[in-house]
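We just call them A, B, C and D in the order they show up, numbering each chain from 1.
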């Protein structure tokens, strides 16, 4: 989720909108910033320091980087009285914005004992106070320039909120003590996952991409026509129980089921199950590391923490395939969905079983759904000008699109046109599988 | 060009076709087999041994592997009297067919002094004699099963003919003596490359993919509908002269022009020009290693040996983009093309300048043209059953499609629907750039 | 300093010795344990977590590992009432004792946010209380077995005290904020380093190795005869000023001055100066990272943080050589030394200039002195039996001996026969250069 | 065996010596040069090209490099009429003489198809003719300067003769066809290896190092005094049968037997037996790759192709140790040896069993014997001046000394003071084990 966001110009233009939007933005700003800190509530200082692999960032880095974003793109250009908190932070907390200046090497983020967690929180407070003043008191010409970037900044921080939960799960995984993130008990699983049905969609030209209302990332634009063949989509996500059958049927030992690069990765990494799965001490049963600590792998929950390679191999084993992102989006917008999305606000901290209702379930929340689509520019795509927009498209290579959000995505951050993307070997995100097939 | 081929079923069915086709196939078999050896005519034994990098195979491996293909997929199953030449060869010369058995590690192909070149030629003769008998004398039920696989085998050998020229160029490149492959002199460049024009194509639904006549690889199937926006295509390939301006304008030093992964590759590999380019001893002028030895880089010839990353960065610098493979194919089939394709048979051994004629030039031959399309399955694609078809789709990940063939591709091997594919960092193929843009 | 220690049997036998030694050991135990914690006094929790490179361990690991040593080798075998603090710790805090059980991968020590620093201190308290009881109250047969291992445990903890200071210096070095370990100001340099003189020693048979009084590591045994040629030793350590002349004379650019492996290392690591040296912002002057933060490189202080390769190259440049360990030890015991050793207790936190006195200076403390001797077994060396002694000799390969201790070595830990050892590329220790030459 | 050699000055001074020595040198020059080519007699061109690992050089490189040595250090400086054969060769065939100029990267020697084998032989002929003229016809002042370097060049070529046999064995090993170097049959083993006895040597001061008669490498100088404790040496080499017992006793699975670095290497390389050993197809019996092709491992032959790490672990398992190089040399010169050395001239192409005679056997030839001594400078060692002597000592780091020569060493190249050296993980040389122990 390295994507930088860009304001859809229509979404915040209009004078009356601006008038009401100061309070609106102020409230959202407070809420989003508070939620980042709420995520860290139960953690101790040492938990904020560790980088368990290069893809993971320490929590204090996330907390500081999201603040640096507001400082760099709003306070420094638009708040003349703003005093920089610490000049080193521009170097330490820049992620990859080349034009903004040099930056600390990503894979070394875990080598920094300083700044302390306390200092990072002070930094957040410093930025928060200045941002609240800027939102409330800037004159309206300034606010007009501030609002679109603020929108981006809030979405950016929401992306990092998901990453914080994803990353702390991994930090605790590499620790033989296997700490739990939360001391809550997960709700008992009530329902068995319903049998999977196939929902049919007809061939023809459709439009996909963001349609102009509300915020969207630039990579969701422009809305454009695609032709799709008729196709069918699985009514729910693939479950752990189904995935166990794939494993038991030697799915991880049959190269014919895998892409060539997937098989090479599986060999090198010695994958035999999804990330976080372990055999129980008596080697009889699958258990997995979760935000609640080690738990049994529940058959009815959606399978999670699989790579694109595993999702693709599973689909081939099941005589199906993954959906293209166009198919997924068409299905998501053309169908009534009976279920409530399972986003971060549900506090479920894990994907939940499908219910027995008819129709297309689990499209939003639970797990990100790998698609068969490489992450590429939409026809007519133009990266926006300037530092913020500069790098929107630069990740469009060797990654695959995921759709729908997960149980650790903030609800207000998600929409059916949202395009997430990761390399096909990534497993530490909350990623799962929905099947599709030709008619 | 790792793709395994599959017969388009329509192309060789029909009884009368079979009757005449024995002679046809016999002639083609002889011609294709002879051309592989003709490529090696001027080389010495030592040249057949070296593997200059993992992507390159030694020439003797190519000569043996193409023979192994006929032995494994035709002689062993269909010629009961056939005696295997050497049982070790099944291991040594299998490329990646997992179901056919274990195989020698690709990157160690250059560690084999034995079998000798002479022995490999004996192997070819052994296979040739048996194949000619099989084509001529098999009863017609057998021949019906043989013919489609034979077709594949011939196309397979043609792919390796291109690789042989591509690989020996690289083998000579890593040698400080910089030997020339041919002692012919290249023809003098007569024409200056014409100015580039933009050819327009309208929006709408189109069909792309192979249409049923003649042979095609499975990845060209099925023919299917796509919707394209209106677009324009450059009338000719990008030239060395234009590429030098990109270099002079610091194209290799501006990260904003590059994909993130491209920039990382450029940094790590320290690219500052296309593969094979060198500064002349007085550091004043670009020269490059060619099949003729070291030569000046001619401004009017198409630029060659650039990666997808460089093609993409150049296009961005030129305020254009690469074409999608659908756009490229539509342009290739909807347009009269004034020029003669420059394939291997022209013996040019290099891409040639465009001429001053109007219309779309250089679409076939010269250099493979990088497209903006990731190499993925066409809608409804099904890999054919059995060992040969087993792996058709397994390379559909993290590669980009190239179109049109090159100056070292056999003419009879190419067609507008042909999909070649390489990873975005590959440069040792004869690969170049055609620009496209939105209307 | 991975060496495991072994009691010299003579040193604690004798009944009267035992009687007085309970108090003696209790006092020493308290003092040594307290000093480990005093080292960390000024640090914050985050500083205890980071592992800046594989050779470095996080501070909390040192604090726990030294406690694990007492728990494993004394409390578990000899204190029947002892309750293990946490069964996971046996895995987490074992360093390399294969027979004692599996252990956490060394290079992943920085991935552990838990146990918290607070918990590690609780662990220390738990072990301390049990150890104090064991020392005071065990019956005398038990105490007789306890005492030799206790001696080892105290020396082991002292080794880690040196490592803690060495490691935290490196942890702060990789941090662009370059924190200082101490906020004390270093004393002003008063004296200019005296000119170096050569002290002569005669040829003949000598005895080296520990002689039986007091504690020694097993690798200092047995005392044995060596023959040495006549030699001369430099009267003081090589200074920063002298080392700057080596740099200015292109010492880092002349392969003829270097061992082949040293030159390869220098090339790969791009060394151009000792570790921690930087050019000042105006690139005019050398500054270096110290426990006091960034400071000017003082010409009269001994050069520090050089590898064996650099020490060897410097000596060649200076038309001298490094001393063998036999020469060093002979010189140390045969000479009156006028100066006070500069050990950790001096709180200097850095090597100090030599004074103007005659004779051999700076032999003890300041910096470890690289010798020309590979770290190998003394003639007749026998590793002691059992887990503790099991691995004494297993590091005797591809390392070089260092002598004399450094400014961060506890004084009571050092003696002239002490053999420290590191690989020839190690630089993060406080290591420097003394010259020798043939007569 | 990277050592560069230096003439012991005494060995060729004296006027009468010079007079007779032209013919002597001419004969030796012809014989040594002819033997290099005789080694390659049965090989085909392809065998000269392959580099099976970085430590191995292609045969044609050895043939050319040894010629380059004469061209560079004798013909260019001393034969004014000499015309360089090919100016590129100075770059291609320099091994590591930095002062002589740039050189082709060692690990890329196998990437060169050109110069052809034929051309390399022409190069040899060209150099041979010029060298013969120089030896015969140079005036005597010139010849005085030529002779010492010629001596070095001949010894240098003999070193490469051993490497050629060692390297071709490895080249054939990595080839699944497992070609044999020779089609001769090995003589039947007649004798069972005698039981090992211990030969005792007394303590005291001794002199080791070359004593001034005949040629020696600089690293054998100066002759100097050492003190040794009393010790015992095994009367013969360790046999395959004894080594099989080490394997059967889980020697490769018990870390306590190994040096720490040895165990890490064994783990990483997954060693379970000496290099070239394989389990027979029925997994019942050890076979090994030899210069005769695959053969059973004969119990009575000395074990060969073990690393220092394995030799050291075996010795520990056998309650013994390796000898120091001083002990080895003392034993070799103080003892009557009953057996005939097994050098290259015996054409045995393998180590042979010990016989039943009393006394110290197998000290010369058969296999190089690993010693416990790190390869370091003798006291008073001075590298000779100039390009040839420049690098004599530069390999004195992280290598161990081997003594005695092997079955592929030319007899005239060996003497008891000869110090060979390799890194402790090297196994492709003909290296074996002799045990020692304290008295």
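To be clear about the criterion, contacts are C-beta pairs under 8 Å (C-beta built on N, C-alpha and C of every residue); 3 or more make two chains touch, one makes a residue touch a chain.
Note that the coordinates shown come from a computational prediction; the quantities given were computed from them, not determined experimentally.
Peer 1: What's the chain with its C-alpha centre farthest out from subunit A?
Peer 2: Farthest chain from subunit A, going by C-alpha centroids: D.
Peer 1: Please tell me the distance, in whole Å, between the geometric centres of subunit B and subunit C computed from their C-alpha atoms.
Peer 2: Comparing mean C-alpha positions, subunit C is 61 Å from subunit B.
Peer 1: Distance-wise, how many Å sit between the C-alpha centres of subunit A and subunit C, to the nearest whole number?
Peer 2: 48
Peer 1: Provide the C-alpha centroid distance between subunit A and subunit B, rounded to the nearest whole angstrom.
Peer 2: 39
Peer 1: Subunit C: which residues touch two or more other chains?
Peer 2: Residue numbers touching two or more other chains: none in subunit C.
Peer 1: So what shape is it, when you link every pair of chains that touch: line, ring, star, complete or other?
Peer 2: ring
Peer 1: Using the touch rule from the top of the page, what pairs of chains touch, sorted by label?
Peer 2: A-B, A-C, B-D, C-D
Peer 1: Spell out the part of subunit A that touches subunit B in their complex, as residue ranges.
Peer 2: It is residues 96, 98-99, 205, 224-229, 255-256, 258-263, 372-374, 376-377, 379-380, 390-391, 393-398, 424, 438 of subunit A that touch subunit B.
Peer 1: Could you list, by residue number, the parts of subunit A that touch subunit C in their complex?
Peer 2: Contacts found on subunit A: 44-50, 52, 88, 91-92, 104, 108, 110-117, 171-172, 174-177, 179.
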